[in-house]
Structures are given as C-alpha cells and as structure tokens.
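Every chain is named by a letter (A, B, C and D) in the order it is written, and numbering of its residues begins at 1.
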Amino acid sequence: MTDLVPKEQAKTRIARWIAQEFMSQQRRLFINLGVGTPTLVANYIRSDRIFLQAENGMLGVGPRAPSGQVDPLLINAGREPVTETPGCCYFDSATSFGMIRGGHIDATVIGAFEVDETGSIANWIIPNGRQMGVGGAMDLVAGARQVVVAMPHCSGSGKPKLVRACTLPVTGFNEADLVVTELAVFRFYETRMVLTEMAPEIDLDGLKAITEARFQVDPQLRTMAV
Amino acid sequence: MTDLVPKEQAKTRIARWIAQEFMSQQRRLFINLGVGTPTLVANYIRSDRIFLQAENGMLGVGPRAPSGQVDPLLINAGREPVTETPGCCYFDSATSFGMIRGGHIDATVIGAFEVDETGSIANWIIPNGRQMGVGGAMDLVAGARQVVVAMPHCSGSGKPKLVRACTLPVTGFNEADLVVTELAVFRFYETRMVLTEMAPEIDLDGLKAITEARFQVDPQLRTMAV
Amino acid sequence: MLREEKMCTAGEAATEIRSGDRIMVGSFGNSGYPEALVDAVAQSEVTNLTIISNDLGSPGIGLGRFLANRQVKALIGNYYNWNPDVAAAKNSGAIEVTLVPQGTFAEAIRAAGVGIPAFYVATGVGTALTEDKPTAVFDGRTYVMERAIHADVALIRARKADTLGNLSYYKTARNFNPLMAMAARLTIAEVDEIVPAGELDPECIVTPHIFVDMLVEKVKR
Amino acid sequence: MLREEKMCTAGEAATEIRSGDRIMVGSFGNSGYPEALVDAVAQSEVTNLTIISNDLGSPGIGLGRFLANRQVKALIGNYYNWNPDVAAAKNSGAIEVTLVPQGTFAEAIRAAGVGIPAFYVATGVGTALTEDKPTAVFDGRTYVMERAIHADVALIRARKADTLGNLSYYKTARNFNPLMAMAARLTIAEVDEIVPAGELDPECIVTPHIFVDMLVEKVKR
C-alpha cells in the first residue's frame, strides 16, 4: 500500500478499470473472477455479452445474493452466496476446469502477492506454515487466455509487489498479461513489461521508486481513468 | 460351422447359455452386448438385476423396438432400434467408454473370428481391404471385467475358430475369460484354457478334432445345457 | 442481441469452412447428425477436408456425401464398415484413414477440449492400431499414450438450444456431439428448436454455451 | 428388490469403511457434503484414513471433524486455508498432506473412474507442486504428467436418487460428487429424496446408477 490512494478507493478504481477494459472489447467474453478485489469487478460490468464462470461448477454467475435470499448451495469459488442469471448452468469440476485449461475462458482476474518483470505470478502461498491451499490458482493462470492481475501497487508494509524476480513460490511462469494497480497499468508482451497507463497521483519517477520490476514505457502512455 | 447343430439352434443355444450364466450370479450386473449372436442374449435374460449398456451412450437398454414404434435416435451400437427400461439414462461417448475402460462393466459378450489358447481375441478385422472398422471392440475386451466370446465352434468353411495363435489382427491379448460355442464352454484361468462343459452331440475326441487350440479338461466336466 | 450474433443459416455457417480444414461431425451411423450443415458443406466448393467422425454414414448418404463429392483428404474415426466406399478410396490411395478405437476416439476429442494433450489407456495395447504409439507401465499394466484430437470446426447436432447457445440432446444422439462441441476452434450447432435463455433447466443443460459459437435452427418442413 | 439392496442407513454404510482406507468425500467448503455419512464416520472407530477432498471443512466442522478426531493419516486435496488445523497438523508431523491444483485434482479423480492411469496438463509446470513429476513437450509447450487418484470408498452427496441409484445434483453442489462416484471401489450416496425408477428424466440423470453402490436417504427433521 502507498498512501496516495485510500484503500477502498484503490480497490474500486482497479475493479472499475478492469470492468471497463472488458466492456470495451465489444465481444462475448467468459471471465473467471478470483476472490477479493477481482470479485468487485462484477459490480461494474454492464453487458449482456460478459459471462462469469465460477470454477466450482457454474457459468452465468449473477450478483451477490442479498441477505435473506441466500442459498448455501449457490456459491462462488470463494464461498460467497451468488445469484443465477438467465441461461446459467451447472457442471462438475472436471468440466469446469476443462473450460479453464482448454482455453475457453477468455480472462481470469486474480490477486497476487508478487508479479515479476517476466510476468511470473506468485499468488498461492506465503510459506509461513499456516496456510496450505492452492485451489484453482495454478489452473487459472496456466489456462485462461488472458491473465489479469488486480492488486495494490505495494504490500501492506509498503514493499513493491512488482518485483524483478518472484521471491515467493510461483503459481505460473510468464503468465501475466495485464497488471492493474491503483497507480498504474502494465501490459506484458512476451516477457516485456510495458507501462501503458499511470494514475494522476504519481509521476514516472515516483512510480519507478515503488516498482522494483524494470519496465518499458509505452510511447502512448495515458493517464489512468480514476 | 459343423453340421452337428443347425445354425439357428446353435445361436439360440449359445445365447441362452450365456443368459443363464449371468442370471445364476444373483447380483447386479452391467453388461454390454456386441452385434449378432451376443445381442440375442438379451432375449433370454429375465432379471431386474441385469442392466444392458450400449456403448453409444445408453444404460438400461430394453428389448428391440417393435416395428411402428421405432425412434431413429433410440438405437444400440449396432444401429438396431431399441426401447427404454425404467431408470435408463443417456450420456456422451466419453462417459460411456469411461464405464467400459474404468472397469464398471461386469461383462461384455462379443463375437470373434478367432480366439487362441492364450485367450487372445481377433474380432475387429479380416484384412481383405473391404472393411475398415474397429468400433468399440478393443475398448470392450480391454475394459470389461469379464470378456465372454459367443461364436460358432468352426468357421463357415469348417475351420477351427479356437486356434493355437491368432492369425488375424488381434483385438486384445489374453483377454478372453469365457468362450461359448454351440458345442463347448471353455474358461480361461490366466492363460490356461479349460473345457468345462461339452454338448451332448459330441465327445472329447470329436471336440479335439475341431479345436486347434490346446486345452485342459475340467475334472468336473459337465454336459452343456442345450 | 446475442441471439442475432450466434444465429445463422446453414449456408452462412458453411462459409466458415475452408478447404483443408479439420472438421468434426457428430454422427452415429446416419443418426443424430447435423443434416442441414452437412448438406450445406456437401453443396459447397470446399475440398481437401479431414473429417473427424465416428463413421462416414453410408455410400453417398449422410457424411458419405463428402466422400462421394471428393471433398475428403483424410478421415479420423473408428467404424467405416457401414460405408464400403471408405475402404475402396483408401485402397486406391485417394484418401488417408486413421482408425482409432471408439473409446479412445471419444476421449481424445474430450481431451482436446479440456486442455489435455495426451493420456494413457489400456485399449489396443500391442495391436496394429497402436503400434506406432509410445507405451508406459503403471502399476504393472502396460498402457499406450494417445494424443488429443483437435479440429478447426465442429458441426454438431442438438435437440434444443437457448438463445445463448446452451444445448440439450435427444437420447443416443448425445454420443459425440457434446465432446466435439468442446474440441474445435469454431463450434456450429444445428438444433431442432431455440428457446429464450432461462427456459432450459440449468441442471439439465449438457453443453454450456461457452462451447457454442453459432446456432442454426432446423427449418421446419 | 434393488431398492432394498442398495438402501441403508448412514450407520450401516459407515461399517463399510476400514481403518487405513482411502476415502473420497464430495464437499466444497462445508457445502454439498454428505452430512449424515460424515457424521457416522466421525462417530466410528475407524482411523488412519486418507481423506481425498477439495478441502477439509472448518476446524471441528464438516470434514474437519475427521482431523479433530485424529482419524486422519493423510490428506489429498487442494485448499486447506479454510481449516488452519490442517497446516498445524502437517507441521507437527501428525499427518501428510498432498496438494494438487484443483483442476488437476478433479481430472485425476475422473481419470481414476474412466480407466486413465495418467494424463498431461500445463497446470503447475515448474512450480513446487509438480517438481517431482515427469514432464513432456507437446507441440512446443511443456506439460506435467499427473496420475489418477483412486479411492476405496466415495461418500457423495446428491439431491435426488431413483431406486436404482441414478443421481441428480443441486446447483454448485454438483462439483466433485459425480467425479468421485466413478473413482472408488465402493460409492455411497447420501440423497435428499429417493423416487421410483423411471421418475427422473433420462436426459437429466447426471450419475448413472452403475457408479452407485449404496444409497442413504437423508432423515427428514
């Protein structure tokens, strides 16, 4: 975390930016949203061409269920109660991950502990011995056509999360396509990391100071929509 | 073919014997019947514990559909119109062969061109260039728990079909568990071939004269039910 | 809006197919195949096709028309005894034929759809159909490695679609259709009926619409 | 007749489980699991179990009871963050834990059911979770070989059964249940309701009864 953008505003900005990115594509998209900030993306999508998949076996996930209308067996992969959209359907987890691994999911939005300048992602474990879970993280980064990382620019203690080389156990190598933080947007081309948008709160020197990863700057660098 | 048992009577005898064998097992059985004589087995099964599977995606195949009640999309793997039994269900071919390969099918009844004394079966092709089909034959002999071969004792031209070593392209090696002809019943233990029943029309010397495969004789050799 | 995007006529759908393409067609012995789509392709100029299907119908009937029309370069499937033209064309060198045991064929198509490039089965070990394939021993039994079977276009047949493209099937016509729907770059489904999204029971949808790109409604006669 | 054969109480079903068995349990974070069967096993004397499941519920809740009761020798699954007792037990050496990516986990269970001993996926290549597994390159991409995951007994949860044992599920509770039903020597299904054979739509049956050995009807409260 930096103190340039308040935490809740940062999350909203990231989620809204990603929703806008998807909506601008003007085509049918199937998207898997990870827990945390990625789930917020759903709140800003207004499109009947965008369909959300939950890896626990549902396509056509609707908004979070209002309290009082919660069905404990209608949940997303983060165990949050959700709703159905017309034309939604259910399937087993082999089919669900078949969609993911088979390249049928256009994009996954995930959080990360670290992303390095080659696009490798560490988001499944912090080896402290207290957490033991991988879930679908490795399947999603390897399988989704586009891997979008939604995360704060710096960690809670202020350390860069965009690093030269991941220090935490890697989820997938060279898999990130797009990283969106509250301060910047980076796109990966092969293993080139390119800054394409920057938030109004910061300048390039300021951004470099809190970004350990080495990146190129898009000649068409734009101001990030906030 | 020998002339000891007329052709139609031979088929009926084989089918009835196999049906009796299944019914005597007093347990739930899932069975796949191949085309030809094997299909006839269904006519003699009277049991609500025996369920027929068709590899084109149906479990609970009922009797042949009477003419006038034919549904072209309700067929068995031999394209014969069939009927539904209560509790029947449909599934794709990957699931269907998953049942077969996964060891869930208790028995398959198949025809064969040749079976050799090690239990290898040749039933998928006669290399004359005019037929090109394997269908589910290789999956069935490799996957079904019990492989029952139903065939005439000799070929149309009078040659032994129970041979020392298959001369035709093999469908599966050492897969036969039971061979039923109109004249004899053989069981395979590992690769030992044992005569367990013999028809009243023939004696052991007569049988050996038309059986190229070398077999042992069960000390409890019985007369085949005809 | 989606409805307009996905829906088209069989003729429009057929223009998606290029000469040289690998085409999957759901079919089992002239049953449960996309008749209008097959018609449209048989009437088109495309040639040099690789047809991936259980069988090839009968001579000049169903999928057999592709061969009668000389549109076929190669076949991948498992049972051509119902169409003796196949063996004749193979023997004359006019087409290539790759026979794959039916269960392996079904699984290899599914594998292509679910991101599995290869898998092992016990089917056909030691036989002529697997002699060029690698083998491996697991828990004392020998298995052969089989590769996924991909296609450029899948032509499938379903009973009902909703406007999104979710599909349900009818009886044994289900067999290869849902598998092929997953395995091609472009999946075109011919259906008897299209209903509004939300009308199919979400628990009974067999092919989720993510796998379906174009919908052709069968013309009622 | 079949009805009587297959139907039993949760307590009777639990007697099929032996200490040392590998047990699959359909569950996703305390949702859609066979509650009465888990209860019965948790109340039994069996121990030294290998539990194969997506997660292990919460501390002392759902599948978490097996660990709280010291009935667990090993876990095979993918997500234990909802139950921190798992990491603690692993760190103290009390249990073994094998983490498998969720999609690979699902596919490996299906593989066990359909006679596939091993298959390749791109998931986790180069990571700590696949470092001991063989790799191979297909069409220029590296894949890791994953093995099937079998079990002695599967405890699954469905919504409806017919008297033969055909099953249908409810919403996202479908996830691992139909896969596990195929993958065990003995499959025991706990269902909300049992209807006569023929009452479930044959097109909407998700698990054919060939995969189901015993049925436990949920006791209505």
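A few points about this structure:
The rule is short, and it goes like this: a contact is a pair of C-beta atoms (placed from the backbone, for glycine too) under 8 Å apart; a residue touches a chain by one contact, two chains touch by 3 or more.
What you are looking at is a predicted structure, and each value in this text was computed from that prediction instead of being measured.
Listed by label, the chains that touch chain B and also chain D are C.
C-beta contact counts were set side by side for A-C and A-D; A-D has more.
Centroids of chain A and chain C (each the mean of its C-alpha atoms) stand 35 Å apart. Our note on geometry: chain B versus chain C, Cα centroid distance of 30 Å, whole angstroms.
One inter-chain figure worth recording: chain A and chain B are separated by 56 Å, centre to centre, where each centre is the mean of the chain's CA atoms. For chain C, the set of residues that touch two or more other chains comprises 107, 110, 114-116, 121-122, 169-171, 202-203, 206. Within chain B, residues 90-91, 94, 97-98, 100-101, 143 each touch two or more of the remaining chains.
Remark: the chains found to touch one another pair up as A-C, A-D, B-C, B-D, C-D. Contact residues of chain D toward chain B in the complex are 1-2, 5, 110, 112-116, 162-164, 166, 182, 196-198, 200, 202-203, 205, 208-211.
For chain A in complex with chain C, the residues that touch the partner chain are 28, 30, 48-49, 51, 53, 59-60, 84, 86-91, 94-95, 97-105, 143.
On the side of chain B, the complex with chain C involves touching residues 54-58, 71-75, 79, 90-94, 96-98, 100-101, 129-139, 142-143, 169-173.
Across the complex, chain B is touched by residues 28-29, 31-32, 54-55, 78-82, 84, 86-88, 90-91, 97, 99-107, 109-110, 121-129, 169-179, 206 of chain C. Chain D makes touch with chain C in their complex at residues 107, 111, 114-122, 136, 138-139, 141, 143, 147, 168-171, 201-204, 206.
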